[in-house]
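A, B, C, D and E are the chain letters, set down in written order, and residue numbers restart from 1 in every chain.
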């Protein structure tokens, strides 16, 4: 109990420490700083209707590259972790519940639709909410559903990693093209800006988002697959 | 110039691409990864070279084609180039080292490794705070992956703790970053630096959270249990990467963000760093697991670096030099040590004796240990020097004490470890596998310590002038170590002789006297080295290194050169001392006391430099601040070498257990380095008053007198012949200290002349006794006896030696005593004088005991066939005897020149010489006449006796009258054990080892403290998180004083 | 105003769910409660004019994360059952 | 400052969830519960970030309406925190997944999820 | 050349006188001791007889070179000490070699013979020799302390370490003797003197009454003769030293004999009155009251 009271004390201290942050919060009524610039010039500079996408893919594109790398690394580490006990026993049981006929049928129907949704999300990332990450996650959930419904299904590690690799390399390559052809690493001006608000606009953003979507999708799928296919006890 | 963005593109591209490689292509994946890491190293090194050689301007790398702050930008400046070079080189050699392991793991392993290096590269270069967060996460996740390269309970548990800790830390970092954005509307670091004085309290708190998160990444004490577990459990190759790579990069982040903190926070930071430095080194004392120990050391060193950052206001423009030289030393040494640990694969430091199987690794191990602690010629030496000087210049004495204390603690466990490796008695030394890919990185880093050490010294404004030639010659002997001993001995003697010939014209004043002791003395003692057969590996480099240091002391024109030479000498002598069979614990205490003394000297020199325009030795004569403290610090520093009472406990063991010809080197020659230091100090600074009243030199005089008495008393109670001689050195050095403290012509004359004669008789005695020990294989005197019959030449040496030592007329030892009493009378230090006289009489006790127990009395059965000491050990003895007899008959041949040297400094009270007749204000003395008279009387009496007692018949050993029976066993008839039992009964209370006990108590206390403190690392990952949170709260309270 | 009420209700639900997630003995419930917190957070994001974030939180924060939690939870449970 | 505004409520809720998460990390002995604590900690942080970017009565930063395309700075909420949160969520997923795998492996070693049973390394 | 020959002849004269005086003194003291103890005692010329007897013994054995030359050291020490002292104040004849060294030298030179002898005895291999030496050295360390302090006090008082000057300063009146001008130093030195003479209570070193102990244990015949000769000369030399330092020296042989006799009697009477100390007892005793007196003497001359 003493331990818990001490922890409570620490937590209260921490709360007290962050209190000034809350305390000095003031509602704004207009954008300031870099956000103002993004709002006012983002349209001309990047050409993406979705300013969040503009920030994510272009202004802070380098972060996004890092983000992709994190997922990639997490997937690699998990692979490394679970591979050590490499004896694949095909785990045919479902994780949550017995796979039923209904589920199997439903998944047959649903999976392609979900995949399509995912693709839609990342292709339209520069126009509507969503983008590569969300799309990738949706794709991964499609595969997760597949795994749920048909546990005996074993999809090739190879395919996943090839997709992952190619999309990753392409991402870096496009970034480098920015250095060679435009203003810097990950500059989206390597392609024509197109007409604002249409699918083929915003330079390289759609392409990058597609690559991100594929990469994130394959990485997340890889994580799920690895978890599933690791040795029975793990 | 290849654009730095290619570092990132290459590493990422290859990492992504490795997915295309199948399992069968692990080797090619490995080569590709190595290539990528090598290319990254090449790019950063190319930039570094560009900055260094061509003075390029720093270059910004813009992403996305926009200017910051609107997009993320990276900076490749001089510092970034340096740090990325370090990281990439660590990555490259780390990969080489881990080659086998990586091959087994496959592409995921390479990906993880490259991911980590990539993350570290970016956090060094980026100028965007959120970007920093992202890539910090990358390196964290990659590290979490690296930890489980070897999967077992330990690594997994450690990895999980690591994840818990970094999870919390990054959460807090993120919180801080978004609030900083909220308050300023930007994420660019350069913008923050421009607006950091924003008066909103919330902004300060946000900055605090960012900074504290970075601090926590640096594993501050006590919120660092997770880091230690990682160091202990992870594969050594990984631990090397974390210690060399992650710590280096995190340090740079701290450096980069430092201007965000208020001056107040900088002080807090310095405090955190110092607590970490001292705390983790204290806890390291009890540690036996090598990797965890390295972890403690690593965390401690990073703590020191944090302190340096926190104190940057005081360190001024030298901050970078100081930080970088220490950082690079740590980088190279820690990586090297972890790598060696991975090759050796032993779970306790005591088992490191196996390192003796590989000479190369042993050498490298030593190099890294000395690099880490900051000995010359390694870079951190210069860093520490500058740090102390700058701190002193800013009046920051608290930090000086703290940093030196922490360094000392670190030295204790590192040298203990080195001692175990070199000398611990292990019955079996199982061999270990040495693969070229594991050794190569270690060798490269080991060589780099020297190269960078030289480089650092060449850019240091004052270190440039140091003469490196003697040291280089000493190191050259490492290369010819395979030659037979006699060849190397000849070369060493020639080298010394040549250097003395070269040096001789430049020597003057006291330099000439001590130069003669060091160089001529060195040559004479080296002659005994011919007695050794075989190769005698590892002796000559260190012997010459010690002499190089001694020479350097004399040559030194600046304080840094002096200190440099002092440390070189310490290193050389340490290795000489540890060569003895049972020297391990003694070498350790020698090293610890030497370090302690050296640190005091460092502090002294630092304070002395305040307000001076240069570092010339002459600045000591006009110290501007705290001259008394400077004087005391330097004096105590020198007195650790002269083994004054209280600081003497290392000496007996170190000198007694050393090899036959090493004992005279360390006892007769090395101790004079301390005397030389005192001479220099006294001349430069004169007397100082404590609180304007008590003279320091007066106190030193008392100390010298008491040391003389206690040293001699303790010598009288020794059973071990060499230990007896060692204590005798303590006593004689007490005389010398006393003589110097008299600060008069005669006082100095006696002190300097005793220094010279002490060299001669102590070398003589140690060589003679060493020769005896060489033959009879024991140092216990009561196991010897009657050896005069077997070793008459050695006996004669000892006889002459003890007569000189005891200061009996007519031999030259008396001249010192006679001058002494005149000096005492003139100074009016009567009570001290009586003590000195008393100690002189006590000297009779042990001199008699020495010669009686060894050479007189009953010859033991097992020694009936024992041979005279080796010829080459006798040769230097008789050279010395010749000189001693000459000085006895013609004392002014020694005293007059010394007097001439002293006169410019102490013109009053010089002796008045008429031929050999010396007259002082109090008395007179004619050595030559006395010599003649005594010899004539002796001869007359001898003739008279021979007339009366011709053809005396030699009787057998047991032909003695012994209470009605005839003894037959030498063991029971030889009165030698506990020779002065009754004396011990009378005054034994004085010689109880209270001082030794006190120091042991201190050591025990420190170990117990460390043991107690480290209990906070209870192994519970949750507790570690609690520590982190509590740490944040406490530092918050300190920084903001509540709210 | 209606948004405000919704936000308050959401906040209360999230807090309750968070407390359940920390305190409930049953791991399965706890995982679901954490997922619920995340899910309702995504609703809150919509109110905060952040559809992108809402989408992400829903798909990743409450979706995939919970899924992985359950994977691991089941593995562990099964592992326990085997012993 | 208006206490009853949507962004302020979100901010407070975010902070509270964050604290609950930390409390969970610090007090729960079950490793999975600790990971849940982390997950809550992340969620809380994300809410705070989004709330910080909110500007009263402004629309989402998606310029699909023509009237949004002029004087945009006064019409939309801050897109930057949203972008940051996107990144943070994904990072959170990676970290959480890795932690869970660690938890799984730990359980594999000792068949227990109690963090206090993993004290083999200490001092 | 001539001066050297003269010097040597003068020295031999001194030596001759002092040797005879020493031998007779030793006999007389034995006699007195015996009479006090109500015994008849030896004839006062007994030492001469012993000496002659020892030199005529034909037993000639040796344990080795050091054993053989040990007595030589011993006697050299005794003769040397005598000859380095100015014996008769103001007389160039009996000034001998005192020009070669001052008081410091003399104080150190007294150990020359002692230690040489110790070495010789050591080679005999007899444990009692070594035991005696060890006791003697131990006692010496303690005994020398008050002596040194006293000598230093003298040197301060007279501002010289030259024995001539010290004697000169005491001339004129009995009240000029150091004994009266510096009583503390005199007391300290006279206490040390007791042990220097090797008489009870400080005679455990040689322990003559019970089992033979100490360096001479193993010596015999001519070797013992040399030692006996020294036993006559060495104490006499020490007496002369103390006389010079404390009792105004002597201007003629008569004065010398009277003064030294009474000084000797001091140790004889104390020896007869007090039983023997163990070595550790005597060491402690000297480090007690005599030491304090010596320190007091120093403090007095330094500060008053």
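By definition in this document, a residue touches a chain if its C-beta (ideal position, glycine included) is under 8 Å from a C-beta of that chain, and two chains touch if they have at least 3 such contacts.
Remember, it's a predicted structure, so these values are computed and weren't measured experimentally.
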Q | Intersection of the contact lists for subunit A and subunit B | A | D
Q. What is the touch distance from subunit B to subunit E, in steps?
A. 1
(Q) So, comparing C-alpha centroids, which chain is the farthest one from subunit C? (A) E
(Q) Measuring between Cα centroids, which chain is at the maximum distance from subunit A? (A) E
Q. Can you name the chain whose C-alpha mean lies closest to the mean of all the C-alpha atoms?
A. B
Q: Report, in whole Å, the distance between the mean C-alpha point of subunit B and the mean C-alpha point of subunit D.
A: 51
Q) Just how far, in Å, is the C-alpha centre of subunit E from the one of subunit C? A) 106
**Q.** Intercentroid distance (Cα basis), subunit E paired with subunit D, Å
**A.** 99
Q. If you average the CA atoms of subunit A and of subunit E, how far apart do the two points sit, in angstrom?
A. 106
Q. Where in subunit C do residues touch two or more other chains at once?
A. 51-52, 56, 60, 64, 68, 71-72, 75, 79
(Q) I need the residues of subunit A touching at least two other chains; which ones are they? (A) 7, 10-11, 14, 18, 25, 31, 34-36, 38, 50, 52, 59-60, 63, 66-67, 70, 73-74, 77, 81, 129, 131, 133, 220, 223, 227, 233-234
Q | Where subunit B touches two or more other chains at once, by residue number | A | 130, 134, 137, 141, 144-145, 148, 151, 175, 179, 181-182, 187, 1026, 1029
Q) What are all the touching pairs of chains? A) A-B, A-C, A-D, B-D, B-E, C-D
Q. In the complex of these two chains, what residues of subunit B are touching subunit D?
A. 130, 134, 137, 141, 144-145, 148, 151-154, 156-160, 163-164, 167-168, 170-171, 174-175, 178-179, 181-182, 187, 225, 228-229, 232-233, 283, 286-287, 1014-1015, 1017-1022, 1025-1026, 1029
Q) Taking the complex as given, what residues does subunit C use to touch subunit A? A) 51-52, 54-56, 59-60, 63-64, 67-68, 70-72, 74-75, 78-79, 82
Q. Hey, which residues of subunit C end up touching subunit D in the complex?
A. 3-4, 7-8, 10-11, 14-15, 18-19, 21-22, 27, 30-31, 34, 37-38, 41, 44-45, 47-53, 56-57, 60-61, 64-65, 68-69, 71-73, 75-76, 79-80, 83
Q) Which residues, counting only subunit A, touch subunit C once they are in their complex? A) 50, 52-53, 95-96, 121, 129-131, 133-134, 137-138, 140-141, 144, 220, 223-224, 227-228, 230, 232-234
Q | In the complex, subunit B residues that touch subunit E | A | 786, 788-789, 799, 806-809, 814, 817-818, 821-822, 824-825, 828, 830-831, 833-834, 837-838, 841-842, 844-845, 848-849, 851-852, 856-859, 922-926, 929-930, 933-934, 937-938, 941-942, 944-945, 948-955, 957-963, 970, 973-976, 979-980, 982-983, 985-987
